[in-house]
Structure formats: C-alpha cells, structure tokens
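Chain naming follows the written order as A, B and C, and within any one chain the residues start at number 1.
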Amino acid sequence: MKVLFLGASGLIGPHLTPGLVDDYDLRLTDVKEHPDGIEVEHLDITDYTQVLKAAQGMDAIMNFTVNRSDADLSFHVNTCGAWHVMRAAAELGIRKVVHSGPQAVRSLYDHDFDVDQVPSRPSTGLYGTTKLLSAEICRAYARAHGIQIVSFLFNGLHDAPTEPITGRDFPVMSVVWADLIQACRQALELESVPGGYQEFNLHSHLGHEKYSLERAREILGFEPRPNMAEFYRRPVGEVV
Amino acid sequence: MRILLTGAASPLGRAITDELGEGHQLRLFDSEPIEADERHEVVTASLTDATAVWSAVRDIDAVLHTGEPPAQLPSDELARDQQLLDEATRGTHILCKAAVEAGVKRIVYGSSLDLFAPYPEDVYISEMWKPLPTPAMASMSRYLGELTCREFARDFHVSVTALRLGMLVREDEVAEQAPDLMWLDPRDAARAFAGALQRDTSESPVWSRRWALYHICSLPPNPKYLVSAAAGIGFEPQHNFAANWKSV
Amino acid sequence: MAAKKKVLFLGASGLIGPHLTPGLMDDYDLTLTDVKDHPDGIDIDHVDVTDYEQVLKAAQGMDAIMNFTVVRNDPDLSFHVNTRGALHVMKAAVELGIGKVVHSGPESVRNHCDHDFDIDDMPFQPGPGYYMATKMLSREICQVYARTYDIQTVCYLFNGLSAPPEAPVVGADFPPFTIVWPDLVQACKLALEIESVPGNYQEFNLHSHVGQGKFGLERAHRILGYEPIRNMAEFYRRPTDA
C-alpha cells in the first residue's frame, strides 16, 4: 500500500513511521527537516497544489500535521490543511485517510466512567477548536465521497516504560508508540469504517475504567500490548 | 468568612472547628447539642429539616458539609440504613439547594476513600479511578451525597469541592496498633477543608472549575492512596503514623 | 410448556404502567401493584415502595421485579420513592434471590446534548432537580447491588412516551427521543428474557424515531437486539410530488 505521510518530522512522526516503513510504501513529508536527518520531502499542507501533487498514486493519506498555538497557523494547518487532504483524496479517488488530533473529553469527563463516544468538548483554545473543525470536515467528506476515515485522538504519547514505576498512578489516556503503530496498521487495513468516520481516544493503560477502549477493540481489534498499567503497580508483600 | 459546618459534633467536625475557629465565624450544625465556645453559633437540627436548614444558611459565605452521619441512629439495621440514606441524599440536597438559593458560593463535602477498598493492594489509587461503592450503606450513602453535591456545581455558580477522606484516626490514639494505608489524622483532614475553602479565591472569571475532587490521606512509606493532586489546595499531611509503620 | 415467569410490577397505575402491562400479560405472570388505583379500574395490589416490608412481601416467589414507580416533584417523596424505593427493590431482590430487575427513569442527555449528535453512551448528567437527582441516585444504587450480587439489571431511560400516531403528521418534525408503547413492550420483554448484561447493569436511552442522527440506539441494538418495530419517523414525512 502506498501511503502519503504528512507531518513526518513532528512530535509523533519520527516514532511512528519506522514501525510502518517495512510494510507500507511510505512517502514521508513535512515543512521541517526530520530530527534524525532522514530524507523527507518538503510539503506545506496549507498549499493545496502541493498536497494534491504528493497524493498522486497514493492508496492512503496519514495526516499527522499540527500547529498548536499560532493564532493564524493553527487554522491554516489544522483546519484548512485537513480540508486540503480530504479534497485531494476526493479528487484522486483515495479511499483511506488516517487523521489525528487531541482528545477533547478530558476536561469535562474526568470524573465520569466508561466514557467512549461522548460529545467532544474541546473548549475555546486554538488547538482544540481547530482540530474539532477538522473532524467535522472529515465527517462531511466521509459522507459525501465514501472515504473511510479513522481518526486517532491523543492525550499523551511516549515510550513504553522499561522498568516498574513506583509511587505514581499511571498517566491518563496515554499511548505508547508500539500501540500507536499497531493502531495505525489496523486503521490502514480496515476495509470499511462504520459510518465512514470513526474517532478513537487511544491509550495503552487499562484500569481506571474511565476512557473506554471497547469500540477500538471491536472495530479495529486494538488492544494495548501489554497493558501499560502493569508498570505502575504498587509493591506489596515483603517489599517496601 | 462565615462558615456553616455540618456534622460539627463529630470528631471531624471538632477538628475543623479547632482548625478554623480562630480565623472565621462558625455556625456549628448537628442533630445533637454541641458544647462550643461562645463566639460560635450552635444549631441543633437535622439536615432533613428544610426550615432549620434554610435558617442555617442565611448570611453564610461557605458551607463545610462533613458528610458525617448523625451520632444517634436507629438500632434496627433497615431503619438505620434508611436514615443514613435519607440524611446523605435528601439531607445533602436540602442543604445544597438552600445554600445556593441563599447565595452561598462555596461548598466543601467530605466523601470517603473507602469507595476504593475493593481494589487490589498493588494498585495506586488516584482521583482517576472509578469508585466502587459496596452496598454497605455507610459508605454507599457517602458516595451518593458526593454525587448529589456535584449536580449543584453543574447548574449553579457555586464551587463544590469533594474531599475523599481516609479513615479518621488520631496519631496519638493508635500508638500500638498495626497501621492502615487509609489512615488520616482528623487534624490533617481539617487542614484539607481549610485548603479547599481557598480554592476559588481569585477574582478572575476563569478562576477555577466549579467542581473539584481531591483524595486526602496520610503518607505512609509505601502509599496506596496518592494525594499529590491535593497539593493543589495546599494539602500536605503532617501526621503520617511513622512510628506505626516503623514497627511493621 | 414452561411456566410463565412471575414478575412483580411496581407502579402499575402510573403514567407508563397502564400502557405497558397489557402487552406483557400474555407472556408473563404479572403481579400489578401501586399506591393508587388503576385508571382503568383493574384490580391491583397496594404496595408502597417506600415501605420495605411491603416490597419484600410482594416480591416473594417472583422471578423478576420491574420498578416503574416515580415521584417527580415532591422534595421528600422524590427521595423516598425514587431513591429509597430503588434501594428496597434491590435489597428485596438480594434477600429473595431474585436475579433480574428492570429499572426506569428519565434520560439526562437532552439538556446537555441537544446540539450534539450520535449520542449513545453518555455519562449521566442530571442536574440537581428532585426528579433527576433522585433518579440518578437510584441508578447508582442499582449498579452497586447489580455488581455485588449478580442481579442482572436493565435500566430504561425515557424522554417521552406515547401511542404511535394513527395517521401521517404533516407540518411537524417528529418528537426527539420518544418511544411508542409497542416498542416499550418489546424492550421490556427483551430485558426480562436476556440472560445477562455486561457488567450486570446496563442502561439505555430508548426511543422509536430514527433519523435526526442524534440519539443513537446502537448499544441497545447490540446488547438487547432492540430495534423500533417500525421507524416512527415515517409518520412525519413531508408530502412531495413523488
């Protein structure tokens, strides 16, 4: 599968793409240079002709671009950029898009449980708002053009711990790279996305019964491997 | 501040009175009479008495609702459970409703860490964990009271802070006993109430979330109940039962 | 032929009971109870859900309890009937080894989510009104008991309930989140028959009108097999030339 990857030099790209490069023909692009010096094509998502050109011949597009805080760029990159991706996909007949963004449930639902598909509440911050708008654009294109879209929403992303961590509860709604890679493969392979668009609050820590992974399990077959919460066990017995 | 303190006759109530009595005007509310310093007002009534509660919330800045059950309860188990349920739910609702209608802006409620007892020993419990109340009415009703308070924060311009308190024991009264991870000295509990009162003192319109929740416990060498979030209201336990843990 | 399940129905004379119970009579051995007389003069037993002994006595020998009692506005009775009454039902179920309870209450999504879509699972956000708050507490009690004692508990949450329209309705959109009586009967049968529900407790926002993309029925479909017998939204079609 030929996959156009937008945002290869960002926060997530360098940790994600190495896990996909063996099984997918990845085209890595970004506006910035790759932090590890890997060759990356220059692509500015705010320029439609650049997006359209890079998407030629692709089977899928993965959009991991973002601007979190600039008053103008956040709209141009997050909202308009998402629209450019969808427009190019529609124009070229590309049927699969993997989208990304911040979770929009934590502030309102932190004291609720079994939270899965709830109305998102991103608040008025640039990052949250512009990404919310991008989701609505994706939904419109899924409906109109039958593009199958999976969107992953994050709170935190990091390496898996290598040793037990004591004295702390595990982080809320936090995904480790290996699980993100797993999820992206599942998204790319998924034949049909129920309703054309599905978003998942992805994480690797089971236990609070707060942010549910039930739908991700059912639709993608996603399962944290292993349950990262196991690294945060309190020592019992002889150990103190 | 003028503060209404419910469950004032309980050990928790008395610890809060000691902690806040100097700097604030207290109105002490309980179903049994209280021996108190003359600078404090005393109200002897039940939370389920709407008329008494209405009077008790007049000219009050903050309500500290300890959530402590009345000392006198029926001996029949069913009747006792019914009363506990009534006090915790209807009583809490009467109190919160009267308070918001009287213009009270801050409510602090004493809930319980007991809600997390069913979790295994190797789990660190933070405020993110799902409470697992059991049918034991003392603990279940405490949780139902917490849920009742929370709904007022949803609908009214009032800050509501729930403090999930550990098991209240005084450090100097358990000298020889095997320690419990859930122990909390009432003096530290009282300090948590004092800290919660200050949660929303900024004048900015975006000062705070209306609803907040903190776990309050002592800090043993290998804690199970994490209290780092409560540092946000200035909570730092002073009585950690070190002598008891040393001899374990 | 297997004996019919014995079902204790609390609240038989209320808003819902008289429309629901006739549809269950053929398949279940229903004991109808309430504090008020039945509006159609049917003979019912007097059971006050705020009195535990009465609940316990009425529940003897039952296979399931359906709690459709409610008080909506009284500051005291709302707690006694909605919250304490729910406690009594669960306690009786425990004491008598009854493994199935069908609970009921108001939905709590409309207030907050009227401008949201694809709503299915939603944390209960009742606000402090007597009706909503006391029913919120009743659900928590049901969950505690369901979890602890393996009582399979299904809770149905409603916005509106009505008879199906008899003729097309012109010039109006269909009422959001409203269930018609035949669908409620169907849902109650599903609840009474289901072996077990995930986590021993499940609640469902039930309705009969599919179309606005607002209140989902996916979970009810997946777990119970619930589907509106007929999509009631079809009565509200705008006439066109086609």
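Here is the rule we use: a residue touches a chain if its C-beta (ideal position, glycine included) is under 8 Å from a C-beta of that chain, and two chains touch if they have at least 3 such contacts.
Since the structure is predicted, the reported quantities are computational estimates derived from the model, not experimental observations.
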item	value
Chain whose Cα centroid lies at the greatest distance from that of chain C	A
Chain pair whose interface holds the most contacting C-beta pairs	B-C
Gap in Å, rounded to a whole number, between the CA centres of chain B and chain A	41
Rounded Å distance, chain B centre to chain C centre (Cα mean)	35
Residue list for chain A, restricted to those that touch at least two other chains	113
Overlap residues in chain B, where contacts from two or more other chains coincide	none
Parts of chain B lying in touch with chain A, wherever the complex brings them together	121-130, 150, 211, 213, 221-224, 226
Complex contact set, residues of chain C against chain B	52, 75-76, 79-80, 83-84, 87, 90, 94, 125-128, 130, 132-134, 136-137, 140-141, 144-145, 147-149
In the complex with chain A, residue positions of chain C that touch it	112-113, 116-123
Residues of chain A defined as touching chain B within the complex	110-111, 113, 166-170, 172, 207-210, 232-236, 239-240
Chain B residues touching chain C - in the complex, by the definition given at the top	50, 78, 81-82, 85-86, 89-90, 93-94, 96-97, 132-135, 140, 143-144, 147-148, 151-152, 154-156
